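Paired with chain B in one complex and with chain C in the other, chain A is shared by the two complexes that follow.
Entry: the complex of A and B
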């Protein structure tokens, strides 16, 4: 499941955000916010994906840079939410 | 603060989403000034007072439906979404609604997720229906990412040009004030054009519907508006006091000229509809609302255009509504998109009724009547 979460998040970022900035890759620890890959509109897309496709219940107060600033952060956040829900 | 805590947000000294309260007014006024008006000037007192009046002293205050602020890590108010509570009915059943506007974030680069949090917090409130009729492209995009597409039927603006040269001058003057000096010349040219029978901007002779119309006060409007909106499955549930309060607020807009409120009657003296607009000679009239019984929209629109023409307006503009489209098209109005109407509800039947055009959820029913939509605060 952990591998699935990582792959799903990476695929989603690649499919939905990279092409907009004309990028082909992004490192897992690279800041998505500082590089303009993710903004308020994009994070809503990402939140909808995590809720719908991965079944994660996301609280408004959890939509913070610490949880969404990089692929690593998103994967860690998603895994911790899934572990708590299990 | 209780509301903010329920939303899982921070307390008064922490960052996060908080309920808008009096202590935030000054900061929100500065944010509004820098986002939507003149960033170099401080927010005028009139703007501060108005924000307090419209969002904190609302006639239909609802402790669970509030405007929200985003407070950043330094304790500074860095985002805002203005929310007005509203009562509607859907096929006779009462609805709790919330109308959102003025979504703004200070320095989005520093607060990249604030807009998302404000919008999500608003949409996760207790209301049955969330509405925004003033969503710009960015805001509409955020609603769309959450699964709520703009409703095209309520998202178009219309313009009916009455005096083409004057309209061109007025449009130019909106961005370059000295162009106003050309107005007298434009009026003279338009007067000449008005005598040409084939002028496509000329109003047809003879009234549609053949009735009469009269200026009326708020009491007459309050008495008759329920008759004009009963055709809609989704409509406001105004009591007299609340509707009177909204109309009084609408009078406070001054940027587009004096407020005109008129009832249009059929041949037998039966009221067919009403309209409210702001207008002045040589200016573009701005329609707040047109309401008409089924099949009477053409007669009401006809009187509006004649009244604005006689006033000396160069054009009339307003928000389109499905019930007006046929009449507007026949009157040679043209349509454009300036902002979007978006709605959100868990009730699919309700959103279906709105999407099909069987609803009154804009204008007096939403937020077009408040001064934050288009008015000046410098006087």
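Entry: the complex of A and C
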């Protein structure tokens, strides 16, 4: 299950924010905000996905760049939330 | 108001000159449906499509004096033509017509290319000086009226719109990748660059002189602000006096813009600026005023209640047109045919519908509030920049970023965000406080996110190109000495205003239906006076356009006078998806069409399309990308493939 979370998050981001298949748009640890790939409304789209598709309950206070600003950060955050819920 | 075309130079004509000029004029006939004329002499040709507004009887063009040695084709209006004529007559000039066109001719005879210094107006013109063997092209200070040119086979061709140049045999449309990069960064190409690789525009406030020896371009006017340290000439004047002087200037600017031999109407957006103009018109010309508005189905964009409040307050005879998302989708190919450039917003489309309404009501001229936000500091980006500097002074503050929510009360989703994200979105990064583009960096960053869709080939070709660096390099030498608000205002007024607002949302979509917009706030005397007003009087705390509000507060209902800025916006990607989506969308964005044009990555475009179809997307980047890609593909079909006629009047069609 844990690996599926990683690929589900990665796929969602690829399909909805990075869009590209032919090339690396951004590295897993790079800031999505600074690269103009995930703007403030994009973050809310991401939150909606994590809640509805992955069943993660997200508190407003957790919507912070530390949790959402790179692919690595998002995957780590999602995994730790699921681990706590389990 | 009109369309002008012409050429200068010896060249092997594939067409007889007269026929060539007629073809070119035909391409801009929408700008001037009331008459056409051409003038041909050795190595020179001028053509004109006329929209009769002043001196209906004798104002035909191309026009010359009795000596037949100097000829002019002119698009626009000289609002101070009455005063100029009076002075010229006093100096011995003899006039044959009542037109403002003839005023330019006489002034040129006296002063040569410096005649532009005396003109208060919106203009683009060409003067053929036979004795001097010289062609002069000129464009107004703010960039209201367009003028494009290109050199082909050693001959210079010019026209009000690019489509006329594309009627010249051998001149082909080809996309300039750098222009596309700039559009996907700033929303417009940096003049003189255009999306067409071989075609340039004469920048606002410039004149060009062409002789058989070559051509020279000279700037005759530029926007300038006082040094932040020193302050402007009126810096010490008290606020009340500044407000009074400003009001007098605004009334003058409005008054001379009512000069017309046909009736003049006004746009009412429901906002402060157009309300001021309509109210001023009502004071100056108390007879029946006709006003026109766009309304939207969604409350997010609609301002009808405010429009109606002004209609009742002024007692105007009012017409409105309701613009739905489906209407935008339906009109969009025609809009791009007129903007002649990719756009990242759909906002030109409702204005295209509005000019149609004006035209159907028999009006040719409308006054609008365009320019007030640039000139008096009304845009949210100015407040945003001020707040970002405020937050940067205490980067660790948890409270300061909450102020960002006050910036965009009309963006419901921003209200839900906590301070950490707001801070991250708007925070100044290292070194950014000293960046001349500081005020605009968040906007540019979001916009540049659209470049992720550019094709691998185009990205390769653009490798190493930095649009922001080019913009920084183009700034005037004194820019660093200006107040931060003045710097931000300059970026809006000298770049976005002519590059996007006056072009794609202004002249092009109004002239598509033979309607001339007039903008009192962009009278250069108002602009120069406003530039000198201390920044603190333009934006007091976070109250935008403070001094402007003070100067006219008795003219408007309190509700309007104190209304915070609501930017003019229209439905974006949702205009092009869903059951009512126009058929051309699927065609233009198909893998095949995208790959054939070669500008974008077909797989990425498909994913964006899927995302937008699944549910309405609200992200700014996604919406700009969708509209930008679709408009670029339409541009390609219309201008490169030459298929515009096929796309016109596209009917709604279900999308599979």
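Here, the second predicted complex is superposed on the first by the 79 of 86 C-alpha atoms of A that agree within 3 Å, B and C clash if a C-alpha of one lies under 4 Å from a C-alpha of the other, contacts with A are read in each partner's own complex, and residues count from 1 in each chain.
Here is the rule we use: contacts are C-beta pairs under 8 Å (C-beta built on N, C-alpha and C of every residue); 3 or more make two chains touch, one makes a residue touch a chain.
This one's a predicted model, so the numbers in the text were calculated from it and none came from an experiment.
Within the superposed three-chain model, A:45 lies in touch with chain B and with chain C [touch as defined at top]. By the touch criterion stated above, A:25 is placed in contact with chain C alone, chain B being left untouched. Of the two partner chains placed by the overlay, neither chain B nor chain C lies in contact with A:75. Residue contacts after overlaying the shared chain place A:5 against neither chain B nor chain C. Of the two partner chains, neither chain B nor chain C is touched by A:56. Contact with chain C, but none with chain B, is seen for A:37 once the two complexes are overlaid on the shared chain.
By the touch criterion stated above, A:16 is placed in contact with chain C alone, chain B being left untouched.
The larger set of touched chain A residues comes from C, when the choice is between chain B and chain C.
In the superposition on chain A, the residues of chain A contacted by chain B and by chain C overlap at 33, 39-45, 60-61, 63-65, 68.
Of all residues in chain A, only 33, 38-45, 47-48, 59-65, 68 touch chain B in the complex they form.
Looking at the complex, you find that chain C touches chain A at residues 413-414, 416-418, 420-422, 424-425, 429, 445-450, 452-453, 456, 601, 603-604, 607-608, 610-611, 617-622. Of all residues in chain A, those touching chain C in their complex are 15-16, 18-23, 25, 33-37, 39-45, 60-61, 63-66, 68-69.
On chain B, the positions that touch chain A within their shared complex are 7-10, 16-17, 105, 108, 112-117, 119-121, 124, 138, 141-142, 145-147.
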